[in-house]
Amino acid sequence: MALDVLYFAWLREHVGVPRERVETDAATAGDLVKELLAKGEGYETAFADLTSLRVAIDQELVEFDAPLAGAREVAFFPPMTGG
Amino acid sequence: MALDVLYFAWLREHVGVPRERVETDAATAGDLVKELLAKGEGYETAFADLTSLRVAIDQELVEFDAPLAGAREVAFFPPMTGG
Amino acid sequence: MDIRVQEAPFDFGAEAQAFSDAQAGAGAIVTFTGLVRDLPGTPLEVMEIEHYPGMTEKALAKIAEDAQARWELSGCLIIHRYGKMRPGDQIMMVATGSKHRKDAFEAAEFLMDYLKSRAPFWKREVTSDNTSWVASKAEDEDALTRWDPNQ
Amino acid sequence: MDIRVQEAPFDFGAEAQAFSDAQAGAGAIVTFTGLVRDLPGTPLEVMEIEHYPGMTEKALAKIAEDAQARWELSGCLIIHRYGKMRPGDQIMMVATGSKHRKDAFEAAEFLMDYLKSRAPFWKREVTSDNTSWVASKAEDEDALTRWDPNQ
């Protein structure tokens, strides 16, 4: 399936792009991360520590083991610092 | 000693005056109440239940057993309902 | 520390903005405003607030000082009206400023809890067929236990 | 429920007043405002806030709905800016209205606690010699446990 993958804050800076179209068969958000790691050093730095990252599927916060089936948009970002 | 005694809210309505000058030898605020009770029916109604009343000596909240020595002004009133 | 006891209405929006502008170094501003609520059943015509001139100012200053001793505040404002008010009117406001939101929130709640039960104000409600003093609530007195270091 | 995510500054005083005026039947209004604080040491030149358009609005609406389900509120407002801000600038505000002060306070604190850690905003601080993303605080995540019914 084809997904829009978005990156925010320092994650975006490491990856180098704010969003990209990805062709994947990953079952979960965590599996997608494993595929992304193969794309280069920036990705490795960005995803070095999943415990300090958050993921949203179709604009809703989920855990990394959440299934990707039917998803259109996946976003990765650091913990939020609003307010 | 001579004291200004003040009454507020429904206590004032029962007593009939907002303030009066009282000559007393009462040792505490509670003793002063006992003397005031002799002044008539309005006072009896006003001071029927001390647990639902508050007292201030010289504009500071105190207990009914607080000493009156040196006081200039004593005020009696119901629990406050500000805010 | 800015304490005002007045009969005149105050401009909540302007006061809130001016307070916020004056809080150098603050990251968090909390305001609380109390409004005259209408009564269920017979409509409220007038809410009348009596107070104890002299003691009121002292009691509010003491409460504000206690809040400033307890939390690191950049500032603290209390405005409380007395006299006649109508449903929807603003009765009073407090504002607190601090570096951190927890301090600003706690200090504002502390000011309100003490102001409710320790500042000499008494409310009277007037409807077309009745006039009655507002009774104090046990829950307002109970709210103070939250701030007692011995609890 | 009024949720706004915007780059432009907002007028805190006017918003607070308008919110209060619109709260029919409320006896208590609480507002919280977050300001850009200066940094200790090297002065902060710019605070930049990035967000996730689309998700931000949804996340804030969800938080406001949760607050309205949990407390009896006459209304609830969230305004949050993104983009570049300077020390002293207002970043965001929330306001809650309720019959009772406890509900208005708790709902405002709930909104702030969730907004801090569950709405997709990220702050970056720019000084003359450095640019750094603001790290999230463990205490902000911990603050959410207060609202967990299973605690």
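Residue numbering begins at 1 within each chain, and the chains themselves are lettered A, B, C and D in the order written.
Just so it is clear, contacts are C-beta pairs under 8 Å (C-beta built on N, C-alpha and C of every residue); 3 or more make two chains touch, one makes a residue touch a chain.
All values reported here derive from a predicted model rather than from experimental measurement.
Once subunit D is removed from consideration, the other chains connect through touching into the groups A | B, C. On a Cα centroid basis, the chain most remote from subunit C in this structure is A. Subunit D has its Cα centroid 26 Å from the Cα centroid of subunit A. Remark: subunit A and subunit C have CA centroids separated by 48 Å (rounded to whole angstrom). With touch defined as above, residues shared between interfaces to two or more other chains in subunit C number as follows: 34, 101, 112. Contact with two or more other chains is made by residues 83 of subunit A.
Contact between chains, as defined at the top, is found for A-D, B-C, C-D.
Against subunit D, the residues of subunit A that register as touching in their complex are 6, 8-10, 56, 59-61, 75, 77-83. Those residues of subunit C lying in contact with subunit B across their complex are 34, 49-52, 54-55, 58-59, 80, 91-92, 112, 115-124, 133-136, 141. Here subunit D touches subunit C in the complex through residues 11-18, 20, 23-38, 88, 90, 99, 101-102, 104-105, 108-109, 112, 143, going by the rule given at the top.
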